[in-house]
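Quick one: this structure, given as structure tokens, is what I'll be asking you about.
Going by the order they are written in, the chains are A, B and C; count residues from 1 in each one.
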Amino acid sequence: MTNVLKLMITAALLATTANVAMAGGAKIFVVGGKADDPFWSIVKRGAEDAGKVVGAEGGKVVWLAPQNYDNLGVDAAELIRQAIDQKADAIVAPDWVPAAMDPAFKAVKAAGIPFIVYNAGGIQAADRLGAMNYVGAVDYRAGVAAGDYLGKAGHKNGVCVNSLPGAANIEDYCKGFAEGISKAGGKSDVLPLPATAEGNVTAVAQAVRAYLLQHADVDAIMATANLDAVGIVQGVAQAGKAGKAHLCGINFDQAILAQISAGTQDCAIDQQGYQQGFYAVSILNGYVNYGLSIPTREILTGPGIVDNSNIKSTMVGAKEGTR
Amino acid sequence: MTAGAGRSSGIGSLARRPEVGSLVGLIVTYVFFAILGGQVFLGAPGWSSWLNTAAEVGIISLPVGLLMIAGELDISVGSVLPASSLTVAIISGRYGLPIYLGIAGALCVGLAVGFLNGLLVSRTRIPSLIITIGTMFAVMGLTLGFTILIAGSTGVFIVPDPLTKSLLGAALGGMFQVGIFWWAGFCAVIYFLLHVSHWGNWIFALGGDRESARNAGIPTQRLTIQLYMLSGFAAAFVGVIQVVTFGSAQVAAGSSFIFNSIMCVVIGGVLLTGGAGSVIGIVLGTMTFAIVNQGIFFSGLDPNFGSIIIGALLLAAVLSNDTFRAMALSYAAKKQ
Amino acid sequence: MDMISAFVRRPAAASVLSLIGVLAFYVIFGGVDLGRLAAAASWLNFAANLGIVALPVGLLMIAGEIDISIGAMIPAGSMTTAILSGYYGLPIWMGMAGALALGVVVGLVNGLLAVRTNVPTLIITLGTLVGMQGVVLSASVLLTGNASVEVMAPDWAKFAFGHLIAGSHQVIIVWWLLLTALFAFVVHQTRYGNWIFAMGGDKNSARNAGIPTRRLTIVLFVLSATCAAFVGMCQAIQFNSAQVSGGMSYIFNVIVSVVVGGVLLKGGFGSVFGIFFGSLTFAVVSQGIYFTSIDRNWSNLIIGVMLLIAVAMNETFRRMAIAYAPKKRTAV
């Protein structure tokens, strides 16, 4: 019993001293999407890579994320407040749901903590809340880019597949898609999937197939999640619409790039999540330690379009988990 | 479970089987969606659409149903599925080893989680609902942690070789996925296990009363472990099918299978309290569930109403099962 | 020794010890600063939102039933408030009344189905869960065209239901404490509590003993749906917005809190204080990881392992407690 006790006491002491040694640099808290989200794991990777510099200068990067997207605005607002509670030196957070999260951002401002808005909200949010910069694409504009791309290519009858109805970021993709395709002279609809289809790529494939069979003139589809894009390609093929229904998706990974190469997917919208995490953390680290800043307040990382014409260079990054 | 009296009228005894309720439910549901969905739903595209969905949830529903007959639940199937998909993708995609090794690894993951579940449920007095919630969280965490550690991202990509793809991931005529035949095979095996072999009697006994079953000499601990290993295997198998079919595996997958499989089993007439149920019932329940899920997209209904219809169906199906069972039990008494 | 044995025999004991164990784990292996953790509001806010729903669900479990439709009732409550008072601009008390009324209605449906049929409540509430998910999604999209709605509540509503005390602690914590005290009084000091325990022990015997089991079941279901809607309503007022969601995570969180709190899944055993500490423990497990430098990727693993350990501890202490009592008598 005494040996175990000694071991526990030593461990506790080591833990506390470890904390003390870190007290030199900047403690940067980053609020992001859930850890098993393909896009957000790339953002986290960018933040962590920038965190290597932060750590070398004696600080650390702490990643805060909700468990799921059931209550996005509320959970994110709570995480921002938690960062304040933990005496953050700097905070990075997205403005997904302004109504819910603006008060939390205002609390950050009132506490005198420098912060950057990233990923959602745009420069308008940064201006309204008094953030240093805005780094990122805007989900809405990513949807617009997809709708625009497909509409301009002549596919004017669109549907946006939403496998997570309710989450603000996914809803923005679909709304943006509607605007993008209508500006190019087309129209669009939304296909929401019931909760019984969550996390099931076969259900997405079969739902899209059924939808295409019943709506024969749909020729533009938008995918809002990585696995959905893979499922939709199968659904399109099984509905006999391969080559007639064109797909554009948000984000990409190796599977999606393979689809673009093979011609079964037309494009993917690149928000360069890695850059969002990397630059937001780097800018704040420079500011906290040395008072540096970037006067160009809006730093857009997207939306970029990846299609057959520029796919080669992205494949390396996708393999590494940075794109 | 078959009523002793009543052999005289064939139809009568047939009507008193517990699966009749599920069959009626299936027919009513199909007719309803056929009317709404029209030609397309009635044809091969419609049939293959819901059969494809049914196959995957069906493979998992079978052992989940067995567990429920034995009086237990398994919530961890939702996290074993992505764990198995990722195992295949990492072993054979990322590391380039032959795919049969990846598949073997994935199935072992399912068996291992099942073994752990069975061990914990049979050795402790903690209810299986809680144990499997715990293992579900634990497997979710391990899956995410290891995937990011090994692959650097939440999803892994794989290009299966043509033989494997044709065995596990192809679609006949571009419509009917091979998984349907695997499901049929599973059904046959589970039917044999539950209704023909003595093992099935043990499961019913376990569901009736665990203590009595134990006292009667049934190796309840071993049986529980075997059942959980079976459900882990089934979840892993569906994970393998999905990754071979789609070529991509993601960490955030599988959660809907937890309640979907329970719904299929319950619509199929399995009692939650254990001790009653049949494979045919589970299959009918799975088909009904798949028809509703897919039928919504074929009908002109707003897909936003989808969940309402599914919830209403579940309640209607369960209530009608309840009524049929009460009728069946009271009918037999009347004859005496 | 006397006090300790008396303490250990209480159902809440194991959950208190679980809480201490969880805190110890995070301090030793996660390097958490206890002072900072105590001052932080995040886990208390989380515990309050969870705890208010865990109380009636826990009572239902003591009575031998279960309610998983709360997963959809929380977003239903917040969406009702937001749609009525935010989108349609009705006065906030109408939005609040609407949310609570919806809770009562769904609770009645659950309760009536539970007492009138033989269908297990897990299945009934699974049906209402899926159904309500659809109702919330459809209502939101059809009425407002959006899956999330904003609402700005007037000051008095914000003060009562949705403001931050000292800028960090949600006022719902006060409601949680009040409700815990109220439930504890009713369950442990009045006959209604005895009735609930009796129902959990054996429903038929309870009925034969003259306990109005049907009415009590319906009341409990109405309570759980309404409390869930209440939590949703407070969130809408506090955060000025509501969104559609599946709510699956709430279900698992509540069940885990209740079971860690010492309530037996088959009914007949448990306590309100146990549920209270169970909610606290789950909140610390789930939110405490943010105070450590452990990689978030492992957070679910930690939750799963801690759950299993906490429940195992509960089992051990409960058996020790039952075995402990007889020893004392022989000593006298």
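The definition used in the following text is that contacts are C-beta pairs under 8 Å (C-beta built on N, C-alpha and C of every residue); 3 or more make two chains touch, one makes a residue touch a chain.
Nothing here was measured: the structure is a model prediction, and the numbers come from that model.
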Interface with more contacting C-beta pairs, comparing A-C to A-B: A-B
Chain separated most widely from chain B, comparing mean CA positions: A
Centroid spacing, where centroids are CA-atom means, of chain B and chain C in whole angstrom: 30
Length of the line joining the C-alpha centres of chain A and chain B, rounded to whole Å: 33
Contacts with 2+ other chains: residues of chain B: 140, 144, 148, 255, 259, 263, 304, 306-307, 310
Per-residue overlap in chain A, given as positions that touch at least 2 other chains: 35, 165, 192, 194-196, 198
Multi-partner residues of chain C (each touching 2 or more other chains): 130, 133-134, 137, 141, 248, 297, 299
Residues of chain C defined as touching chain B within the complex: 113, 117-120, 122-124, 126-135, 137-138, 141-142, 248, 252, 255-256, 259, 265-266, 295, 297-305, 307-308, 311-312, 315
Of all residues in chain A, those that touch chain B in their complex: 34-38, 41-42, 45, 165, 191-203, 205-207, 209-211, 213-214, 226-227, 230-231, 234, 237-240, 253-255, 258, 320-322
Complex contacts: residues of chain C adjacent to chain A: 27-31, 33, 36, 39-42, 45-46, 75, 130, 133-134, 137, 141, 146-148, 150-152, 167-168, 235, 238-241, 243-250, 286-287, 290-291, 293, 296-297, 299
Residues of chain B touching chain C in the complex: 120, 124-127, 129-131, 133-142, 144-145, 148-149, 255, 259, 262-263, 266, 271-273, 302, 304-312, 314-315, 318-319, 322, 326
Contact footprint of chain A on chain B as seen in their complex: 37, 40, 45-46, 48-50, 52-53, 56, 78, 82, 140, 144, 148, 151-157, 159, 171, 174-175, 242, 245-248, 250-257, 259-260, 263, 293-294, 296-298, 300, 303-304, 306-307, 310
